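In the part that follows, the structures are each spelled out as structure tokens.
Shared between the two complexes below is chain A, which has chain B as its partner in the first and chain C in the second.
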Partner chain A sequence: MKSFFLNIDIFLCLLIFCCLYRALRGPTVFDRMIAVGAIGTKTLIILVLIGFIFGRVDMFIDISIVYALLNFLGTLAAAKYFEGKGEF
Partner chain B sequence: MPNLPDFASLPANDIAAIILICGGVFFFFTATLGLLRFPDLYTRMHATGKGDTLAVLLILSGAICHHGLNLNSGKLLLIAVFIFIANPTGTHALGRAAYRCGLRPWSRRTTAPGQKEPESGRTPAAGPGEEEQA
Partner chain C sequence: MLTRVYDNLIVQTVCRVMIPFIQIYALYVIAHGHYSPGGGFQGGVILTAALALIFLAYGQEPAARRMNRRQASMLCAAGVAIYAGIGLYCLLAGGNFLDYSMLAPLLHVSVPRARSLGILGVEVGVGLAVMTAMYSIILDIAGNHEDESDSDPESCSTPKPGSIS
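On to the complex of A and B.
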């Protein structure tokens, strides 16, 4: 199962690089924001699976919870900021 | 993948975990494909907002199947419920902010992609081409 989780992690890293293309090149700032949000979601899954690989699930799940909270708060704060700014 | 164990010799919860995680990775792949290929912001948001949520739910369900029921699988369930609430909320906030900033939704006839709201009703057919022609 460890090699299966490792393969899934490598594939998710490739998907993160695909999302990074949209985050760097996206025409509006909201495109960059949804790309960064998608990268954060994939990173959360990668953290959980790395916990299974290393056998330290208890520690990595806590890091993953904090990552989910920070990702959500960052998205909300950026949405409020750019809505008040009124341009894209 | 040469060093995977034999599929039939695995216990039943690991087989369920493999199936659920592969489904989740498939939905991650389709969400990323939509993020790269769709023509404007709202359609990309449609792809990632739903695909990522479903993929996270599937992969964390697979992780719970692999791990068994204890405190850590409770935490995994907590992450799944939180993502199920928070990811559509964040997508909705970004979409509302973009709409209030005046970003018009993409349409094949009237609006060039990524253009501001025009003064009159109709816009010229050829907008500033900062998008690839999907």
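On to the complex of A and C.
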């Protein structure tokens, strides 16, 4: 089971690199924001799966919940800022 | 007119559902600092995130109604006072500073449990201080400073010339 989770982790890391392309090349800033949000979601899943691999899943779920909250809050704060300042 | 009411509806509804759970999770993080990742500082920052969600979704007025600058400063001092007070009591009771075994005769518990309760007490103090300090930082950076009429003493009774809005 551990090697299955490890393969899923590696595949998700490759998908994160695909999202990084959009984060770097996005013509507007909203492309970059959505890409960072998607990277955050993948990081969440990778954290929980690493928790399964190490055997201590309860600790890694705490960290993932905090990271989900920070992801949500960051997107909201950036959107509020760009609503006030206009589009770049 | 309708767009002003409805432009934040989704964000406000989601925040209204999420904020109590975020605060309960922050208290969990503060209380389980000795066993899982967490502690006073991390739980305090998550509590600040809950207040900052009110600030982002509803604006500055509802957030300031729940906690304005003066209340934040007083609660910050109260958090530091809890920490220093526990340490000072341990010092006055005959031990070292923050020697929690001196709390055992006060609380009528055994010495290991007194140490555990002492650490929990200082974590609560640290969480309170961190939450209010970071909330003050958020208000200073992102808020509009129209409610600072008591910054200098001679302008308390006269209104400032440009602040009618």
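By definition in this document, the second predicted complex is superposed on the first by the 88 of 88 C-alpha atoms of A that agree within 3 Å, B and C clash if a C-alpha of one lies under 4 Å from a C-alpha of the other, contacts with A are read in each partner's own complex, and residues count from 1 in each chain.
The criterion applied here is as follows: contacts are C-beta pairs under 8 Å (C-beta built on N, C-alpha and C of every residue); 3 or more make two chains touch, one makes a residue touch a chain.
Note that the structure is a prediction, hence the values are computed from the model and not measured.
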Could you figure out whether chain B or chain C reaches more residues of chain A? B
So in the superposed three-chain picture, is A:D62 touching just chain B, just chain C, both, or none of them (first/second/both/neither)? both
So in the superposed three-chain picture, is A:L70 touching just chain B, just chain C, both, or none of them (first/second/both/neither)? second
Once the two structures are fitted together, what part of chain A is touched by chain B and by chain C alike? 58, 62, 65, 69, 76, 80
Taking the touch rule as given, give the residues of chain A at its contact with chain B in the complex, in rising order. 1, 3-4, 7-8, 11-12, 15, 18-19, 21-22, 27-28, 30-31, 33-35, 37-38, 41-42, 44-45, 48-49, 52, 57-58, 61-62, 64-65, 68-69, 71-72, 75-76, 78-80, 82-83, 85-88
Tell me, which parts of chain A touch chain C in their complex? 58-59, 62-63, 65-66, 69-70, 73, 76-77, 80
How about chain C: which of its residues touch chain A in the complex? 11, 22, 25, 29, 36-38, 42, 46, 49, 52-53, 56-57
Flag every residue of chain B that touches chain A in the complex, lowest number first. 1, 3-5, 10, 14, 17-18, 21, 24-25, 28-29, 31-32, 35-36, 41, 44-45, 48-49, 52, 55-56, 59-60, 63, 66-67, 71-72, 75-76, 78-79, 82-83, 86-87, 89-91, 93-98, 100-103, 113-114, 130-131
